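First chain A sits with chain B, and in the next complex the same chain sits with chain C.
So, the complex of A and B:
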């Protein structure tokens, strides 16, 4: 664990130094990410401004769901989501072989190679939005609510990790397709809205098959005191999904035929 | 088409200023039509036709000379236009074939497009459960707005900004300086090829899914005006993106600025929400920005009505305004390209 942490810090240090060569662009990128992540809450605000609303949800509640989603992405993107880019780029270039001969697991090496300093902007924007959403909550959450939130937020990260493994695994065969990012954005959009907006059957799909609802809706519901038992069953599905995706990724890695075929 | 000669002639001038003639003898006589045409990779068109005309009229009078000169100029212009069309067709076809090798990437839209739309479908159905209209939109019109927005995006999608910035940053733009057509013409031709493929692999399937699965009324109010407006939106999207790409002449690594532009562009083009949802003061600003002409205007024309900032225009009026905006943007891109070329410092230039 200690050596892995050292690897991570070393990569972060090198990436940061490299990025500072274009520091102006780096800081602009951070600011843009901050602004970009505010986009969906802005759209929500504009809808509520007209007098409309998501039925049964106050503006601050809707914003909190989107803030939790942004925060989850803010943690996932800098630390492990880069595995998708590493696989996409290196399989296409034919240099993924280098990942296999390093003295750590290919998954770990892929992960730290994909570490992008720019993505810490997402973490910052997630933190800012989450802080704002908490500040405007009329009733602050109590300790049990925070505990539930922490557990469900960890599940949200597990889902994002599982999705990153699924998409990364796909790229061993679907070489060089950046459309996986579009697929991710499209599928996870459901997690940014209250689950009650969807039909019952569709919500079950988002809870128990591909638990996208865990990315924002369920952890935010814990803070709002609106959680029901379905969340914990969904949490189990998250763990199962992570195990499955882990197996899938390694299965796809075995099918990787390398640059020389 | 004449616009497309200018950067080539300008490129030629830059090459000459650095003691080179781009390996093109004709470029040693700048200012002559022969030099200009040859610099554009087009053979001087005064050849047999002109010689023949001169032989038939060995000593024409002043009036006859003017008439012949005018006819000759027209003939040359027509020949140049034809050659540019052939070049555009060849570039578009090559791009089409190149991207067709990755058609599965494009076909992913068949999943992604409907999934995005499904989110909107659920959200707006829930919102409209408590009301009949919102900001002048009924539920059907709102879903049609998002449906049309999606399919029009597949027709107008563009990444000329990314390409151009990459070429300038890496110095590979220098290879375009010496080509017989301007980079803008080349990039536009590429876009035509790319979006032709997009028409078959993205637009058509998603259009049919929206029409038959979601039962969204996607038929344009007036096919002719909708087609014209989408074509203008196609050009506007290209030109705005091209101008964003041109910022790389001033900013070495402009990825951050590009992201900012794209963000502002999508928000103010009505991709996320109809622009009439913005506060009145913001709508007035949006009305004078070029971004609404990229997608918002084509969508509203498709739906058969236009309104922004309290201004309602008929379809012909707004399409006319859109055409004017495209012309202005064309001029802006031309000006920026010329200014940028003065700063360009690719290897060997």
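So, the complex of A and C:
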């Protein structure tokens, strides 16, 4: 664990140094990322200002769901979502070979290679938005609510990790498909709205098949005191999904054929 | 140290024509083709050897190297390197090997090589003291003291390649796989790299070298394995390699009288450049002393040099064999 942490720190240091070679681009990227992440909560705010709303959900509740969603992505993107880019680029170029000659797990090496300093902008925007959403809550959550939130937020990260493994694994076979991020956006967009907006069948899909509801709706519900038993069953599905996607990724890795020499 | 038995690698790829119609058709259906890249090769390499692994493009040498570095799983066959099966014990195994891929860089483009060295230190878990000692030794041998603190993108190809060697050797590997390590380098950089390989080899490091630069092979390898169409067509010493195609010599000769070599058995004119002609002489058919006597009697020899067949011609003929 200590050795892995050392690797992670070394990569962060190197990535930061590399990114500072193009400081202008770094700051522009950060600004664009912050603006992009704030867009949906801003639209939600405007919608509520016009008198419309998500039925059954107050403005601060809707904002909290979106804040949790942004925060979860804010943790996932810099730390492990880069696996997808790493796989996309390196499998296409055949330079994934260089990761397999390192004495570490290929998944860990892919993860640290994908570590992106720019994406810490997402973490910052997620943090700011989450802080704002908490500040405007009329009733502050109690300790048990925070505990439930922590567990469910960890599940949200597990789902994002599983999705990144599924998409990354796909790229060993489906070489060079840059549309995987569009697939990710399309899959996860439902996580930033209250689940009660969807039909019962569709909500079950988001809870028990591909637990996207875990990304924002369920952890936020814990803080709002609106959680029901379905969340814990969904949490089990998250763990099962992670195990499956871990196996899937390693299975797909065996199909890696490299590129011509 | 390295033992390979009946190693085979088969993979599937797709064929598509170049026309628009064929491109359109490939959207629906693609023609699957099975490629037998490596067809049951076997060899053994002892500790401390430098082996040249040669073959034309697409012969299967890089695929073999990738299987031996644990990157690819073979379709069948066995390999044992220092007691490890590369693709099964990959993590423990790769900690003991190094690899330099001339066309795939381990350095990081925007930052100096020294940062990449420190990254490798963390990944391989090299202790600080050992790292310092090894780095100092490698930097001195390769003469890259100042270079390693400049951003990689500002380095020349030769400087980058020297730094690639440092990346591959920092953890003191016992076996090093080199895939075209001198590609595109000038003579001075090539010489530095070759001297470095010899020095490391003298310290007991085993090298497996794939290259198209036969100068690398002649200067470094004591043994050559030639692979073509996925099978080994030659495995032996450099001398055996030049003798492989029979006892042939390259003769450069100039004569007093215009010569016609066409009628002489075992003699083939390779290049006719005015007064001097380059011939290939098969001494098995026409012994050297007989050739000299005949040439002198008929055309009067003015000057003559005799040399072994150049290695590139031997290799070329091996490559051309079906």
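The working rule: the second predicted complex is superposed on the first by the 259 of 261 C-alpha atoms of A that agree within 3 Å, B and C clash if a C-alpha of one lies under 4 Å from a C-alpha of the other, contacts with A are read in each partner's own complex, and residues count from 1 in each chain.
By our rule, a residue touches a chain if its C-beta (ideal position, glycine included) is under 8 Å from a C-beta of that chain, and two chains touch if they have at least 3 such contacts.
None of these values were measured; they are calculated from a predicted model.
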* Identify the partner contact of A:22: answer first if only chain B is touched, second if only chain C is, both if each is, neither if none is. => both
* Asked: If you stack the two complexes on chain A, which partner ends up touching A:187: first (chain B), second (chain C), both, or neither?
  -> first
* So which one touches more of the residues on chain A, chain B or chain C? -> B
* To do: State whether A:179 touches chain B only (first), chain C only (second), both chains, or neither.
  => first
* To do: Quick one: classify A:141 as touching chain B (first), chain C (second), both or neither.
  => neither
* Between chain B (first) and chain C (second), which does A:127 come into contact with in this model arrangement: first, second, both, or neither? -> neither
* To do: For A:53, decide between first (touching chain B), second (touching chain C), both and neither.
  => first
* Is there a shared patch on chain A that both chain B and chain C touch, and which residues make it up? -> 22
* Spell out the residues on chain A that touch chain C in their complex, using ranges where they run on. => 3, 6-7, 9-11, 13-14, 17-18, 21-22, 93-95, 97-98, 100-105, 109, 254, 256-258, 260-261
* **chain B-facing residues of chain A, complex** => 22, 24-29, 31-33, 35-36, 39, 42-43, 46-47, 49-50, 52-55, 174, 176-179, 182-183, 186-187, 189-190, 193, 196-199, 202
* To do: Would you pull the chain B residues touching chain A in the complex into a rising list?
  => 102, 104-105, 108-109, 111-112, 115-116, 119, 122-123, 126-127, 129-131, 134-135, 251-257, 259-260, 263, 267, 272-273, 277-279
* Structure fact -> Contacts from chain C onto chain A in the complex sit at residues 11, 58, 61-63, 65-66, 69-73, 90-92, 94-95, 97, 99, 101, 103-104, 106, 108-111, 115-116, 118-119, 121-125, 151, 179, 210
